[in-house]
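Below, chain A partners chain B and then partners chain C, in two separate complexes.
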Partner chain A sequence: MSVVSLHDLRKTFTLKRKAPGLRGSLRALVRPHYQTVEAVKGISLELDEGELLAFIGPNGAGKSTTIKMLTGILFPTQGQAQVLGYVPWKQRRVLSYHIGSVFGQKPQLWYHLPPIDTFELFAHIYELDQAAFRRRQAFLVEALGIADFLQTPVRKLSLGQRMRCEIAASMLHGPRILFLDEPTIGLDVVAKQQLREAIKTLHDEEQLTIFLTSHDVGDVESLCKRVVVINHGQVIFDDRTSALKRRFLHRKIIGVRFGQPITDDFDLPHATLLKRGQWGAKIELDTTVRPVDNLIAALMAYAPVVDLTVEDPPMEEIIREIYKADETVTLRADGQANDAPAATPDQAREQA
Partner chain B sequence: MSTLTLAAADRGTWRAQLRKYAAIARINLQNSLAYAWDALGQGVFIVLFIFVFAQLWQATFRAQDATVIGGLTLVQTLWYFVWAELIELSRINVSGTIQQEVQDGSLAYTLGRPYNYLLYHFFSGLGGVISRMIIVLGFGALIAWIEVGPLTTFRLETLPAVLLITALAFTLDYCITAGIGLLAFVFEDTSAFRLIYQKIKFVLGGLLLPVDFLPDAIQGVTRLLPFNLVLYAPAKLFVAWDSAQFWQFLGLQVFWITVLAGLLALAFRYGAQRLSINGG
Partner chain C sequence: MTRINRLRTEAAFILHLIRLNLASNMEYRASFLSQAIGMFINNGIYFVFWLLFFDRFEEIRGYQIQQIFLLFAIVALGWGLAFVFAGNASRLAAMIAEGRLDYYLTLPRPVLPHLIFSRMDPFTLGDLSFGVIAYLFTGRFDPLSIGLFLACSALAAVIFASFYATSGCLSFFIGNATQWSFHIANSLVTFSLYPFGLFQGAIRLFLYTLVPAAFVGAVPVEIVETRSLALLGGLAGAALISVIVLALVFQLGLRRYESGSALNVNI
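So, the complex of A and B:
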């Protein structure tokens, strides 16, 4: 059953423009110049109950604008949307009791008070039964692993701890859909992983529908079965995450640092050496040609490894790949890929 | 777990709404304790202010060789300023916050929460008012007592009525300052309006001197405007209780609050509709 439905949703902003310098400032006073920016250009999609959807794209792609329209914060310029049968921007007060939202850059916790005080406040704001609220709070504290710092002022929490508390706060009233806007922004690797696990736990335990925006491909890989990629306000990819991984996430950037200097005979077949220093190197790997574990094994066999990183290519590069791969045919949500599937990791391992 | 299983039995009733806004006031009271030093700073300010005014008005009363000016004795005049300053220093100073929230778009985020934005700020502000009032009143009363002695004309049985007029004064002031904050939907910067309002309160509101001390022609105009109801009305009743004046002030405060709250609601609705945030 569809719980979120968007049809040809559009949002246009009018921005004031000013030419540089004093002359520009004076001219803007007399005759202001406005520019129209289309942030969202006709997005259509459906989200089923219990689905965990990643809505990803680079900065300025229109992700946050879309989520703001779905939570009733912004009026669209054109198009329709329904969330749990409500039109968000017309029925936002009623809808607010059924959805939760976390905006990574707009905290809702009281900065000088411990999270538990904000939770108490939210219990009253959402008009919850006190006994039910206590049970709910206990469940979320356990699921999100926030018991240790529940009574620490928010200003003293790390960003990751704060974000888990933000999610708990937005889940207290038992929403059916959780909108997460860039929840992992600014987090370190460990905090990101903890947050992803917490989100996964909530999703699994409550069959919660989650709409997650991010510009971090790692969020998608570890959390979501379905991914929608948006760029310049348009959906350019809507398919299973496995399809995205198979077709566009098969390149990895591997950084390695050895315990001894690199010799001249350092050579890695089926991998591209991007950068080479005296002690380390940066290598680009196509996992359909050679799997990551195979390359790591080769690196460890070459010399003692003191540090190793495996990174995804940046979002902009993935989007470039999507455009490159699909210049003539539109990708569709039904998974009918229009090109031959790339080799699976197992096939690649055999080839390597 | 759905919201229905968590909802309080009286969700949507006046009682639940009252609890909601009381909780908002309470959390800001808690939060204001984190700024206790700021309130102490205001306490120091009122000490300086009352001390300077004490010297000034003692000199004035001596120079005029008068025991009463504009219907007030020296003791009443000084305690008048204690109460007027108490309101001025403790009031819900929300215009800057609202301007900021309009400009950076954070106001939009509150639209998706189940409360009224203007009531949220009002009750949130009230939470801070209580702690500031206690501190400012403590310091103000101490210095006034030292300078001119106790306010012997004060009648304890009038205190509830004085507090009611004071509470309505805070409400009226909130309507005006919130309105100034909402002007940010139209003007980039509302600090000029804040400054004008502050100066009007000084002259026509009774902060610099009680309205009774103004020339008759100006008094006539001043009493028609809402500004004297913010500071003069509660401070005057505090030092010189008058039942007839109480009912007059009450009626005028209710009238102005109704008018300004209506305008505020309209301005907010207009602003919320044209809100645009840079997303994505």
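So, the complex of A and C:
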């Protein structure tokens, strides 16, 4: 059953533009120049109950604007959307009892107080029965592993700890859908992994529907079965994560540092040497040609490895690949998508 | 849920917010106390000007030193009460311009009260205590006078908070109205601290309507002096109108809200 439904959703902002410097400011004061920017250009998609959807794209793609319309923060310029049968911008208050939201850059925890004080406040906000609230809080503290710092002022928590507490706060009232906007932004590798595990636990235990925006493809790979990629406000890919992986995430960038200098005979078949230093190298690998573990084994056999990183290509590169593969979308000379409609979800599935 | 129960729930929620604000401010005791004491001294210095003035002149347009004590007591207590509890009322313009309402919009509480009661300005405790001490100098210690003084100060607080927040709503309509809002709102407190006899004609009308300084200064002084319950009813009506105007302007403006990417911190 569909719990989130968007049809031709659009959002336009009017921005004031000015030339740089004082002269530009003076000119803008006398004759202001406004530009209309289409942040979201007709997004249509459906999300089923219990689904964990990754809604990804580079910075400025329209992810946050979309999530803000779905949570009732912003009014759309055009189009329709329903979340659990409610129109978010018209029935914001009643909807907010059934959804939770976490904005990576907009903390809801009170900065100078411990998380437990914000939890108490949220119990008041959602009018929770005290006994039910205590039970729910105990479950979330356990599931998210936050017992050790529940009484530490938020300002003293690490970003990863804070983010897990943010998720706990937004789950106290037992929402049916959780909107996560860039929850892993700014986190280190370990904190990211802990957060992803926590999200997965909540999703599995509560059959929670999760709408996750991110510009980190790692979030998608480890969490989501379905992925929607947007760029310049349009959906350019909507399919299973396995399809995205197969088609666009088969390249890995591997960085290695050895415990001894590299010799002239350093050669890696079926991999491209991007950069080579005296002690280390950066290698590009196509995993459909040679698996990652096979290459790592070869590196370890070559010399003692001191440090090793495996990275995904940046989001911008994946988007370029999607555009290249999708003949329905052409690129203008400046690299932006033209105004041709993006592939619908069904078309994208067929193409995949 | 009945309307009475709904109101009770909202009041309990706002009380909880105020308790949380106090707890948050107590995290920094020294800063909390020094800010309050600093504002008390600041008010005292301003007050000394009037003491020197009345040392040379007996009255100014019908106001003697006793009325000035009362005027300062009501304005300071009203101001203090407004921003001890509704600290975000004076920050609304910046919060709207920087797109910092998202947090309040995602939660199931009425946005406006949740927003303005979510912050406490500790330095306004200095105004609050200054108001109480200034009242002691008026020498009016009978229960009716004290009751009227407290009621007038509370209604002045409502008008202060509503007017500041309404001027902050300008940001919905003209973009960043932080400075505009600051100056408009400050004109309210500036005009309220002068004897009302100084103002005549159109300015008087202005001070009863667009910048309702009369309702936070002169009218409350007259209520305590004349013990007029009818006038108190009129003041309550003015306070109610200020709240209704704020609610309407905020509702109208919210449709134009554009969010933003600024970092948001609840303190």
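Quick notes
Please note the rule applied: the second predicted complex is superposed on the first by the 327 of 352 C-alpha atoms of A that agree within 3 Å, B and C clash if a C-alpha of one lies under 4 Å from a C-alpha of the other, contacts with A are read in each partner's own complex, and residues count from 1 in each chain.
Definition applied: contacts are C-beta pairs under 8 Å (C-beta built on N, C-alpha and C of every residue); 3 or more make two chains touch, one makes a residue touch a chain.
Computed from a prediction, not measured in an experiment: that's the story for all the values here.
Chain B and chain C, once both complexes are superposed via chain A, clash. By the document's definition of touching, of the two partners only chain B reaches A:39; chain C does not. By the touch criterion stated above, A:176 is placed in contact with chain B alone, chain C being left untouched. When both complexes are overlaid on chain A, the residue A:121 reaches chain B and chain C alike. Contact with chain C, but none with chain B, is seen for A:109 once the two complexes are overlaid on the shared chain. By the touch criterion stated above, A:245 is placed in contact with neither chain B nor chain C. Touched residues of chain A, counted separately for chain B and chain C, are more numerous for B. In the superposition on chain A, A:72 makes contact with both chain B and chain C.
Within the superposed three-chain model, A:164 lies out of touch with both chain B and chain C [touch as defined at top].
Of the two partner chains placed around the shared chain by superposition, neither chain B nor chain C is touched by A:226. In the overlay built on the shared chain, the residue A:96 is in contact with chain B and with chain C.
On chain A, the patch touched by chain B and the patch touched by chain C overlap at residues 13, 64-65, 68, 71-75, 92-93, 96-97, 101, 103, 106, 108, 110, 112-113, 117-118, 120-121, 124-127.
Within the complex, the chain A residues that touch chain B are 11, 13-14, 39-40, 57, 59-68, 71-75, 92-93, 95-99, 101, 103, 106, 108, 110, 112-113, 117-118, 120-121, 123-130, 132-133, 136, 173-176, 206, 233.
The touching residues of chain C, counted against chain A in their complex, run 9, 12-13, 16-17, 20, 23-24, 27-28, 100-103, 105-109, 175, 255, 257-259, 261, 263-267.
Residues 1-3, 5-12, 16, 19-20, 22-24, 27, 30-31, 34, 106, 108-109, 111-115, 273, 275-280 of chain B touch chain A in their complex.
Contact residues of chain A toward chain C in the complex are 13, 16, 64-65, 68, 71-75, 92-94, 96-97, 101, 103, 105-113, 117-118, 120-121, 124-127, 153.
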